[in-house]
Amino acid sequence: MNTRSSHEPIIAMKNIEKHFGSVIALAGVSVDVFPGECHCLLGDNGAGKSTFIKTMSGVHKPTKGEIFFENRPMSFSDPRDAIAAGIATVHQHLAMIPLMSVSRNFFMGNEPVKKILGMPFFDHEHANAVTMEEMRKMGINLRGPDQAVGTLSGGERQTVAIARAVHFGAKVLILDEPTSALGVRQTANVLATIDKVRKQDIAVVFITHNVRHALAVGDRFTVLNRGKTLGTAQRGQITPEELQDMMAGGQEMVALEGSLGGTV
Amino acid sequence: MNKLAKLLAAALALVAMPHMVTTAAAEGEKYVLVSHAPDSDTWWNVIKNGIALAGEQMGVEVEYRNPPTGDIADMARIIEQAAASGPHGIITTLADFDVLKGPIQNAVASGVDVIIMNTGTAEQAREVGALMYVGQPEYDAGYAAGLRAKGDGIGSFLCVNHTIQQPSLVQRCQGFADGLGVELGDSMLDSGTDPGEVKNKVLAYLSANPSTEAILALGPVSADPTIAALKENGMAGDIYFGTFDLGDEIVKGIKEGIVKWGIDQQPFLQAYMPVVILSNYHRYGVLPGNNMNSGPGFVTNDGLTLVEEYAGEYR
Amino acid sequence: MSESTANPGVDERIKQQSRLQKALVRPELGGICGTIVVFALFLLFAGDSGMFNAQGVLNWSVVSAQFMIIAVGACLLMIAGEFDLSVGSMIGFSGMMIAIFTVSFGWPVWMAIIVTFIGCIAIGAINGFIVIRTGLPSFIVTLASLFILRGFTIYLPQLLERKTIIGGVRDAAQGDWLAVIFGGKILKGFFQWMGDVGIIGTFERGTQAGKPVVEGIPMLIVWAIVLVIIGHILLTRTRFGNWIFASGGDAESARNSGVPVNRVKILMFMTTAFCACVFATCQVMEFGSAGADRGLLKEFEAIIAVVIGGALLTGGYGSVIGAALGALIFGVVQQGLFFAGVESSLFRVFLGLILLFAVILNTYIRRMITGER
């Protein structure tokens, strides 16, 4: 069913259930993610996407089900464990500080240190060089490493956040709706970045509710609806209309689209 | 940015200009008076008027300086500054001997003549190398007031202190207590300077200690709200009430019989005399042979006309 | 599709800056401009008033150095996103503690100083701890400490000595090794030489006749310079400095990136307390007494200096050098107005004007740097 069956999945979620009190947010979801693929997780608001990725990144513990990371059963006690293992999440809230320079943001919490007279100093030269290089790789030419993040566009900020995660050794990169607030051109830039990351053999989990964005870069597509998965589809095996129908839960959407005159 | 800088320059120049002109036009000696009072203390207006009048009459240039918040350490810097600007004389209070001793001695050593006014004692003035002391010894004034009250049959009192950090004000209360022959103890009230607070604290104290026989206020800042408090609780005219210093409200209070007496330290003299003395000293080399006690003078209901006319201005 | 949009970097709408512009546009720019304007004006209006002779220079340098010491702490704390309104009270309190320990308790001065420092830094830590734990604005928490500390500063000396000013520290500090570090003067020989050859004036009479009008550089100024340098290096050249910026810029984002925000903020409260304590110790050692009203309103003067220096009140942006320049401007204007012969009650008018212009100018500069809208 997938083209990379020779690989082992880097992360495998088996029959994950998550209950919040009497609310069942996830009712048995299974997803495999392989290195070097872009796995799109689609679903409407309230479908359980956020809960699912929070479970994957160690924020929530599953009520039932198992997580295998690099073939070993894993139980993350908090997000730090997940980050240490190589699962990085780029949230809509980017963990970027607009007033600070790109290079200071890039290394925030992981500052490179150089000893001068036995005293540890922030190694600005190294940080600046790495930042410029990583940004160039992602196709962003900064005015300088000291340019403030606040002067970057939304898409560029996403790219900085992604590049940062990749630089610090992410094996699985979870992108939570990275394109939801962006314009057309910015979106294209971010999608191009995703493509570059995938080519470095990193597994990308791309959460979105926009079918066209998903189809532009996705290798495989998993649709969540009301806490359940409706299966995983291969690229080329599914049309945008089918995906859209699955997300919306089928029949009502057909009627709606008829009255609106086309695919939403 | 350039525009802003120019604006700033223009604004600075605008405010500074008139003063620069007067500085340039004035003739004769230059004297600086440095006080310890914060900007909010209106009593010092009489001092400002006093030096201004003396400056006009003697044809000398006078300046008034004070630390905006009343911080004595800032005052030390102002004395250093005054000395550095090279005036002929500095007239200053000695609000904290330890702090001000060094700067004043340095000013004297660099050739500036100093007269101590208002706070301080004759001995301290001699020690810092000042020419003389003009003022009202605080403890003595309080003691004299205490003796007077004792003669009027008083045995207990409340001292309303609006600036408890000022040692000179504490000395007034202490002197009064010693004059009465009682312990100061809890009789001193830290009232703060806000009129509303002073009034309510006095009201609260008097209702908690109804047997209080007398009230001593330490200046208009504490006296004015105390008058209001006494009017409110009906003790006005009934309780024995004396105060240091004068002001519009105090003069009215004396007239209405609410305030028994005001201790006038005659601030006008403290400002006016040093300027006159320094000018004559620098011109003709003459200097009075002793310190000058500008107070205490007790102002009562008799002979209030002049006081009333000039209260807050020259009295 | 991805390949065709792969070169998004050059955006024709972002104006390219020249090298000069880049070198000029920095957080300290407002402070640098202000310093130049202020000195130019006073050279023009007060050049011959004694403001720029040895005594005059020492006078405004000392006042500026005082502001600098507290501005360094306030600046780092403000960049970390918090305020400390208890600085002024802390100055009064720590000075009073030193005086009480030495005069009332008879401790050696070095011990009094060390114990006071430990106590004050602990109070700073408590301030920080309460802010972090309760999540209350530091404005309110330190406002409470402002009153509590000032209250004790008035109450304790009255309780112990029945007065509000405790003197006699100078005599106790004679020959004390630690007191010299706060109240001493350096380069005395050099200034004596300058006095002897007539570069600077000498005292004309009294016991000091023949000595130079400036005896040496007070340790207060040395402390200010050292603190500014350390503060600047800490902020711009260390990993901890990055954490300070991050904590103030967006505490949540910083936490998500692994910055120990709480530790950073508490340490900055302790630094502010330390700076206030340095200020107080220098003052007590110089003047030999501690008063209950010392340090009144100094917290605002520190914040004003920091804001003139270009720091953002809401945190995450600023410069120690800028704050030091802000302190210099503040000190020079405050003393310079006296030299220029301006009516002293106008001081506040000038202060207000400078503050307003500085904030407007700094906002403009900051927008150029950070792309804030």
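Letters A, B and C name the chains as they come in the text, with residue numbers starting at 1 for each one.
We adopt the following convention: a residue touches a chain if its C-beta (ideal position, glycine included) is under 8 Å from a C-beta of that chain, and two chains touch if they have at least 3 such contacts.
Just so we're clear, the structure is a prediction, and the values are computed from it rather than from any experiment.
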Dominant chain pairing [most C-beta pairs in contact]: B-C
Longest centre-to-centre distance from subunit B, chain (CA-based): A
Between subunit A and subunit B, centroid-to-centroid distance (C-alpha), Å: 73
Chain centre separation (subunit A, subunit C; CA means) in Å: 46
Approximate Å spacing (C-alpha centroids) for the pair subunit B, subunit C: 32
Two or more partner chains touched - positions in subunit A: none
Subunit B, residues touching no fewer than two other chains: none
Subunit C residues within the subunit B interface of the complex: 33, 37, 40-41, 45, 49-51, 53, 55-56, 58-60, 62-63, 154, 158, 163-165, 167-170, 201, 203-209, 211, 213, 283, 286-289, 291-297, 335, 338-350, 353-354, 357, 360-361, 364
Touching residues on subunit A, where the partner in the complex is subunit C: 80, 91, 93-100, 104, 107-111, 113, 120-122, 124, 135-136, 139-144, 148, 150-153, 155-156, 185, 188-189, 191-192, 195, 216-217
Subunit C residues within the subunit A interface of the complex: 1-3, 5-11, 14, 16-17, 22, 233, 236-239, 241-243, 245-246, 249-250, 252-254, 256-259, 312, 316-317, 369-372
For the subunit B and subunit C complex, residues of the former touching the latter: 1, 4-5, 7-9, 11-13, 15-16, 19-20, 22-23, 39, 63-66, 68-73, 76-78, 80-86, 96-99, 102, 105-106, 108-111, 129, 164-167, 170, 190
